[in-house]
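After this come two complexes, each holding chain A, first together with chain B and then together with chain C.
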Partner chain A sequence: MLVTSLTKSISEISGNRDTNLSNDFFLPKGEQMENIISIKDVFYKYPGSDNYAVNGISLDIKANEWISIVGKNGSGKTTLTRLIDGLEECESGTIEIDGVVTDEETIWDARKKIGIVFQNPDHQFVGATVEDDVAFGLENQGMPREQMINAVDNALKMVDMQDFKKRDPQSLSGGQKQRVAIAGVLAIKPQIIIMDESTSMLDPEGRKTVINLIEQLRSEQNLTVISITHDIEETQLSDRIIVLNSGKIVKDTDPADLYNLGPQLTEFGLEEPFTNLVAAGLTDLIDFKGYITEEGLIDKLCELNLKR
Partner chain B sequence: MDKLIIGRYLPGDSLIYRLDPRLKFLITFYFIGIVFLANNVASYAFLLVFVLFAVYVSKVNLLFFIKGLRPMFWLILFTVALQAFFTPSNDPIWHWAFLTLSKDGLVIAAYIFMRFILIIFISTLLTLTTTPIEISDSIESILKPLKAVKFPVTQVALMLSIALRFVPLLIDETTKIMDAQRARGVDFGEGGLIKRIKAFVPILIPLFVSSFSIAYDLAIAMESRGYKDGEGRSKYRVLNWSKRDNWTIVFMVLVTAILLLLRSYR
Partner chain C sequence: MRIEFEKVTHSYESSNPMSGLGLANVSCTIESGQFTAIVGKTGSGKSTLVKHINALLKPTSGTITVGDHQITPETDNKNLKPLRKKVGMVFQFPESQLFEDTVEKDIMFGPKNFGFTEEQAKEAASKMIEVVGLGPDYLTKSPFDLSGGQMRRVAIAGVLASDPETIILDEPTAGLDPVGRKEIMDLFKAQQSRGKTIILITHNMDDVANYADKLMVMHDSHLVGQGTPKQVFNDQELLNKNYISLPQSAVFAQKLAAKGFTFDQLPITISELTAEIKQQIHGD
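Then we have the complex of A and B:
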């Protein structure tokens, strides 16, 4: 199983990597549209700062891909997502969302395709009640009220929060608040969801529900997910991991390949996966090579148990 | 903070809860106006009966209203005492130095006391039965004509509703900061008045800083959800004017008529 998943990811890598940029010019139009986000040579510096927060990043993201962006604090992860949503303006370089280069005029349309779930659930709640908050994005689009009522109900159903419709945010748990935030984002029917450390302030249970929800929604709604995280468990779900350091991409690979780095992971602001740590402690007894999935580890441990 | 009844909403359901918040808002101000029309025992008694009737219909426990008086207690006592002892009269019941107690003075003091009770009860009734967001929606709706003179009504209303939404969050924040300072040895409950006030300065600064960071986060979140400015937005919450609101207006007209009648009845 391990082998098949590995070979699958390897074939994916060799199929996708490094080909995007050059191929875009030659591929037929249908193929080009596959890149939902296309970032080219983007630089950005915060006012008053000497260092570039985003220092020449080029990146293509395919539709329905789940991308994790990792890196230490201050490596430019959040800045990059803000640039994608046009919340900050690039100093140079271009960002294309769904085939349209974003500028002051097109950004409002681009934002309809992107939903961001932020880190602190309390700091993104605009409405006085759950339903009001979900409706906020729709109100901004000027959607007629009758349609809005349906859209709000649907969005709340998707995150299983319809029973909390009339509640005020203060009475919800952190995980519930984030689910409402996700509903608010889903209501506008985005193509891309950006999770900006959305689970970092939640308890393990809240984190699990939010992550499972996003995974389920991705397949149901055909969403592209960009997740900024420090949590290794979360990156396991992604198709691709981008490691940023000082505003540059230092690695662009798949989870298995990244976890192979072992202790070096801490340099990127990640902890080693639990399975790696167990395997490292048992190298004398079992033959481990590189990264091992949870199932792989269980198989190996059962094998070990049988040998005794 | 928990003891403050004024400005607090109490979840419930009754006729008063279901009235259009705009009407409730306007009636409250209207009532505060007509309280000053009352000029004799009968008219004050009538207004008291009206307020108690409204409290009864609202199905809110009268105790909440009496508790609501508590923060105003000293103000009421002071004003009433002032009226009672300083009303000049030719026919004093009791006299000492500059203090005079007379029948007229006592009557005026009683009226003033009644005014306090009536006004506090009716405004407490408004806030207990109307959510802050309904009040801010009412204000928006009532101020709508000001759009004609380019007054940003929708923006102000959104500002108001966000401010209301963040009050509990800022209270949490304050508690957190106070706990953090207590942990480092600050004592907020001791010393003279000046010392206590001084102890609050180190709370205000971190509170300001964190308010700004919350405001920044919220602004980013709002922009990412497509908030441009107040224009071109639709509204999810709507206020519904119904038949019972019409009947309430008729009722208020009757109340006013009876009040005017009692007033001229000397």
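Then we have the complex of A and C:
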């Protein structure tokens, strides 16, 4: 859906989503879309800190969903994903991954289902060469060597980094590091991929290519995608947006609904979509309130242009 | 400070054939007091280019002139302090420039290194932490116990605190929330109006259109285009070769153009775009 939606309007996307939900409703029990992640009343504060970085969060994420997590710097986005992956332990509350509540014992199985691309790719690298690095996760899975060589090549090809196999990851450019970090996670074919601002240093076209790639894998491999991002264009394409503020969920909705908030978005550190800003500069021509899609705005302007 | 690159080539570890060229025969001039943006695809040589301005990298051949300093292949690491005092740099990954055990010490490091007294450095730190949108509470924290965007802000504060004449910013807004991004970009613009020379690497073409006086385009280690943002974003050859991406206003104008609007030149900011639309619809 996301691939084609680059040229589709948001209303179509959310339309599709509603259809999914209602189909789901009529399915017999047991075949309903399952929650791959279920978070209940989770609290967490860093050692020595007075404030809760995650301050009472409950959240269900369905298998195959694409959700964006947005919010101000320091609002708790990264911390939440570290809790999901068991890198930090909740002070209270529970996290269920694929039907199993995670604890010291179950977290190892849960973690095999999750691939995280960290905010800083340098934290991801363990190998001395790019190919070793991508192979690392596969070795852990016990993949036979022959198969591994292929899998590494494939993953590097997906992000267009096959020519850099023998390089030390530390010597790559910023965007190249981000691509290799993504390859390392894609190679292990996780059920859930968490991307923590993993395209923030890619050029605009590279960013679109990666987003399209993830979307393609989502439909082919039933991947669930959790993307932390400050990129408004990417959020406009997702099924659902979660807004965090001071460790709490303050909005859980679809893009059109969120962007209807208009100037109030700045309270959450967000900006208005481009089309809203253009329309706001044309108030003497068009009368509108809230969110307007690109197609909607172009149609309105063309109508006026023909009338003149 | 005026900066001039003369036929600068940089090859990483020339002994290792796997590492390609970082810069290929780049010549350009950056005028004093200008706001220059550098764009280009992943791996095109942007970071390599700017690291030559404060001699973090030395050219394999060619010369860089920064004010009255000259950097050549023979330049050694002695006597670089006067140059580095004048040229501050915010690195692409903020963590690579944070190392002290408190945020305050971290911000004070640059000023002290460049001759501020302890007291002046402390004062600079408490001023800069506010300027980058973090409160004084942050001064006593460890810079490593911060979120990604908070680290980025501390790194920026640290560079601005020593008040360098030329400020190099390597993707300084990656990881900032959109409101923060705008505030920080406005901060850089304000530094320019105080007479500073600003050099910004970015993938955000709207920021280029809104803030820069001049734009340079890198591709495959070569400088392939330069001019005002308006000129470069209207350069058909660069667009056809797919060397640049356009600001949102220009993309939107192209879509309107496909449906009967006409634009002599692509508008690059929202105010240019809305002015053009109004003019065409009102027909005046």
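One rule holds for everything that comes next: the second predicted complex is superposed on the first by the 247 of 308 C-alpha atoms of A that agree within 3 Å, B and C clash if a C-alpha of one lies under 4 Å from a C-alpha of the other, contacts with A are read in each partner's own complex, and residues count from 1 in each chain.
Criterion: contacts are C-beta pairs under 8 Å (C-beta built on N, C-alpha and C of every residue); 3 or more make two chains touch, one makes a residue touch a chain.
Note that this is a predicted model, so its numbers are computed, not measured.
Peer 1: Under the superposition described at the top, does placing chain B and chain C together on chain A give a clash or a fit?
Peer 2: Here chain B and chain C cannot both sit on chain A without a clash.
Peer 1: So in the superposed three-chain picture, is A:F274 touching just chain B, just chain C, both, or none of them (first/second/both/neither)?
Peer 2: Only chain C; A:F274 stays clear of chain B.
Peer 1: If we overlay the two complexes on their shared chain A, which of chain B and chain C does A:L301 touch? Say first, second, both or neither.
Peer 2: second
Peer 1: Which partner, chain B or chain C, touches the larger number of chain A residues?
Peer 2: For chain A, the partner with the higher number of touched residues is C.
Peer 1: Thinking of the overlay built on chain A, is A:R179 touched by chain B (first), by chain C (second), by both, or by neither?
Peer 2: second
Peer 1: Let me test your reading of the model: by the given contact rule, A:N120 touches which partner, first (chain B), second (chain C), both or neither?
Peer 2: both
Peer 1: Determine, under the contact definition given at the top, whether A:Q170 touches first (chain B), second (chain C), both, or neither.
Peer 2: The first partner, chain B, only.
Peer 1: Looking at A:E205, would you say it contacts chain B, chain C, both, or neither? Reply first, second, both or neither.
Peer 2: Once the two structures are laid over each other on A, A:E205 reaches chain C alone.
Peer 1: Just chain B (first), just chain C (second), both, or neither: which does A:E139 touch?
Peer 2: Once the two structures are laid over each other on A, A:E139 reaches chain B alone.
Peer 1: If the two structures are placed on top of each other, which part of chain C overlaps chain B: 2-10, 74-82 or 254-262?
Peer 2: Among 2-10, 74-82 or 254-262, the clash with chain B belongs to 74-82.
Peer 1: Find the residues of chain A that appear in the contact set with chain B and again in the contact set with chain C.
Peer 2: On chain A, the residues that contact chain B in one structure and chain C in the other are 120, 122.
Peer 1: Can you list the residues on chain A that touch chain B in the complex?
Peer 2: 82, 85, 87, 108, 111-112, 114-116, 118, 120, 122-129, 131-132, 135-145, 148-149, 152, 169-170, 184-185, 188
Peer 1: Which positions of chain B touch chain A when the two form their complex?
Peer 2: Checking each residue of chain B against chain A gives 131-133, 161-162, 164-165, 168-169, 214, 217-218, 220-228, 232-238.
Peer 1: Would you tell me which residues of chain C are touching chain A in their complex?
Peer 2: Residues of chain C touching chain A: 12, 18-19, 39-43, 47, 92-93, 95-96, 145-150, 152-153, 170-171, 174-182, 203, 205, 242, 245, 248-249, 252, 255-256, 259-261, 270-271, 273-274, 277-278, 280-283.
Peer 1: For the complex, give me every residue of chain A touching chain C.
Peer 2: Listed in rising order, the residues are 46, 49, 71-74, 77-78, 119-120, 122, 166-167, 171-176, 179, 197, 200-207, 230, 232, 266, 269-271, 274, 277-278, 281-282, 284-285, 294, 298, 301-302, 304-306, 308.
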